[in-house]
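Each of the next two complexes has subunit A plus one more chain, namely subunit B in the first and subunit C in the second.
Our next item is the complex of A and B:
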């Protein structure tokens, strides 16, 4: 396991050395990102997609449920945020809450139909529901704007009563998203390492055993799916703010596939941070390789194939294995030195 | 009143009748063995007792309460724990965490998302006690998949015991064990005898005949003989069958 992912000592702690390093890097992004030829909006995208991928990984990595239509909930969150702002009330907190609640309710609805399924049937059902939501988004032109999308969404100010922050500037919005991301990560970290997270991980390993230990497997599968949908929807709300619009393409099957690729390439199956690594790699590759060729997805696709073939545990798993090898070698070296000292070979 | 009772249990898969009017009454503290040839319907009967298979007809009662057709998790919550013929553990979890999952107190907290699972020492201590009871005291931190076959069998029983069950159903507990492993298991079961109601499917006749209070023989989906080990040794059907050789 990668540092901080699963060891029992880390499990009970909300802040680990890995987290501190990550936060330090993220907090300084606007200071150096333009110097390396990139731009603050990329940072915003990475954080939002990271939150989405972490939520998605609750289902895929933690519960072992193959959901391939998760873009639907990200998109529902984006539309809910926009519709709330345009038609109900232009309040950031209420609209973000609406994004999470509506996506969560959609997740509950779908979960009720699919949670007694497993494997390929589960996967197909998630695709089918994802396609239904995507089609509804395209066809409900009067509500969603159809293929043109829901436009004129604003970045509402973050109002804290006594003080209000304008988020129209990308750097200000980056720090807002970073703060939200930090809260989201802390909540997901706690959830993953809670008794609930432990039961969900157990269900991934054996539904039968979990049921015979007295756990209502259906309830856990349904609730983790709904929770994941809600957080995905919340991320979708942030994405609508970032894009100043909500489009149906994020709900499509191929866009749902992106989050699967990000999660697997990063190593979401073995590490809490895997999806974040995958998102960073995917979006950076899109911009860096995409600047050189339109066929950047070809190269990312090749990377995906290589990882599935040679490192199915993803980059996080490969890093973890490398660190373990390094520690083992260090131990061996220390052991050899100690032996030399004992037998006098060091003289 | 029996602790566990099956009355007229009938199971049909399509055209095939797997169990036909099977009756069983297990008294509190009794060790009841179930034996019979492969394909006789023993595991299906276990699956009916533990909720994996719903009977077409018949009743299952636990402590007098009708539990027929309840889902496995509800039956487990009412006090029936089981092990599996093909071992089913949480392989990525440590032995201690496997046992922890079985604790009723942990299960009651299963929907808690606010606290850390590893933060409560009581769970770890209770799990360690259950491991010590099956001789795995020093293997709490070892991942289930890294344990030896015999230790995995012992861990399955530790997990079931952690559930504080009223009835423990063991499906071929000695399967795949060497003579040392069988001896170790026999010692453990002998310790539990009288304190816990146990129903065990078993092919190891020596194990069963030395430990069971009563034994039911299932063949072609029906109970063809039942009695104490001594009575079964005198039973004409058992004597004529292959099973008689061992009895």
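Our next item is the complex of A and C:
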């Protein structure tokens, strides 16, 4: 069912052929993106949001936990990155680590409250915590800058000891984000296909069954949530660098809803790559349709309704269904010619 | 102690309004086990339609409009209180017809469908009415204020709280004391048997959804003069409605009413002492309750927690 990994051996690999192709294609983006009327910054946004949506899909798609306040951890990561840079130390690696750690800790805190809840109660607890963090971000003027946001965040140079890269240019920053994205995708792929990931998938199918098999369901639910929050926070740190600021609106309920939409439209429930497809479609549509009409959310909303009604498994699901049908047809064709040969030979 | 009384009273009236906002949501969650995230947008739509109908330029042919405007505001307001929900219920009907396809599947799909519908309705509101704020005219009889114990009280708040209490009572009678309520509840409990008894369940569900939509619209009209009419009011309403239902527990009528009152008291009191943080208080209340009680205050088992 997983698009791009039809052979099960892919699950055991660190880097799959699909990933290699994707990275190569993405590496050429700055060469042609301005020619088609778009700009490298869009590429940066798509990569960062893809990482965020992939992390989110650990919770929604893999564990089947309805988390509707995930923007909080993305935002916490952005603020942590900014505050670390402005108040503690202006080192890229330390600030990015701070973004992931602080968001992860917030995730642990929330997970302790919600992991013994299910369904609608779980969903609304995540919303409540999302709203709490969002309100805190807006109202703590002195720390976060309130609704104006935390400004003056710089793109710190990527210092590797021997060489140091300046990331202020959008193309340079794009390649940095791409490298981070590649590592992140490989890590998430390993996580999803590790024994740990299998248990999480089993919990999605049936919490009761997993518990009877002797797994500590609470611990798995809590840890996958915290992990997802940490990676979301890491992406948030990158986003703060991209925007040169951290704003509270990524933490709002609307924005948390968008990441759910992107993940589902892409097909996060059936495919590892679903969230990436969804983010690509959402952000490109925002820029392309948004340039033509102000009411682009109207059209995206209608598309979303249509997908929920007719293709609930999303675009990735539709693609893999089409591919399967195609290979089935090919098989059938081959089958008939083989039959003809047999029948012909018999005569 | 006497200082606290106005805040308590304020909180109680606010609580009745929260309960009123949650009623339509509760009806659909409780009787159909579906989460209607478009509730807030339907609430907003009710307010907008009412504003258009009572305003100086009603969407009617010229002669009719003249006759309509000749009526006193009180009559127009009372008529609007009935007409606007009926108009909004057509939108609700459309949503239910789409939502049918998701019945029997993971309730997540119904939730997402209505989230999409909410987005579309909000965008349409922006397209038709723009982003500016509007005011809903109300008859002078319920407008203004009165003096009581050295304090000025808003008449409209008490009128709104009274209406809310009345609708809560009527809805309780409908659900608990009529055969319609009994059939609908049985349909949620065991749809197969209800169908076998020869009851047209899909029509019944459509009716419930339409009724829930109308309640949302009425709540929108009642709350509009207090909150103001703007595109964002839908989101401002659906979150407290959802919160009240989760706090009270899915499937519990009085749970929702008590939760509404609690939320109102909480927000009212927090608003008196730390107005910056008043909205935060309701989330903290929810977290405090749901951390210890798996199904809110008096929730029943439902498919929504599978």
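Criterion: the second predicted complex is superposed on the first by the 339 of 347 C-alpha atoms of A that agree within 3 Å, B and C clash if a C-alpha of one lies under 4 Å from a C-alpha of the other, contacts with A are read in each partner's own complex, and residues count from 1 in each chain.
We adopt the following convention: a residue touches a chain if its C-beta (ideal position, glycine included) is under 8 Å from a C-beta of that chain, and two chains touch if they have at least 3 such contacts.
Fair warning: this is a prediction, and the values are worked out from it, not measured in the lab.
K.L.:
Pick one for A:132: touches subunit B only (first), subunit C only (second), both, or neither.
P.N.:
second
K.L.:
Report the partner of subunit A that touches more of its residues: subunit B or subunit C.
P.N.:
Tallying touched residues of subunit A, the top partner is C.
K.L.:
Tell me which partner A:199 touches in the superposition: subunit B (first), subunit C (second), both or neither.
P.N.:
Only subunit B; A:199 stays clear of subunit C.
K.L.:
Touch test for A:17: subunit B only (first), subunit C only (second), both, or neither?
P.N.:
In the superposed model, A:17 contacts neither subunit B nor subunit C.
K.L.:
Is A:212 touching the first partner subunit B, the second partner subunit C, both, or neither of them?
P.N.:
So A:212 only meets subunit B here.
K.L.:
Which of the residues in subunit B end up touching subunit A in this complex?
P.N.:
Per the touch definition, subunit B meets subunit A at residues 50, 52, 71-73, 76-77, 81-82, 84, 88-93, 97, 100-102, 104, 106-107, 109-119, 159, 163.
K.L.:
In their complex, what parts of subunit C are in touch with subunit A?
P.N.:
Touch residues, subunit C against subunit A: 35, 98, 101-102, 105, 107-109, 111-113, 115-117, 119-120, 122-124, 126-127, 235, 239, 242-243, 246, 250, 276-277, 279-280, 283-284, 286-287, 290-291, 294-296, 299, 302, 304-306.
K.L.:
For the complex, which residues does subunit A have touching subunit C?
P.N.:
Residues in contact with subunit C: 66, 113, 116-125, 127-129, 131-132, 135-136, 139, 253-254, 257, 260-261, 264, 295, 297-298, 300-302, 304-305, 308-309, 312.
K.L.:
If we count contacts the way the header does, which residues on subunit A are in touch with subunit B in the complex?
P.N.:
Spelled out, the residues of subunit A in touch with subunit B are 8, 11-12, 190-191, 193-199, 201-202, 205-206, 208-217, 220, 223.
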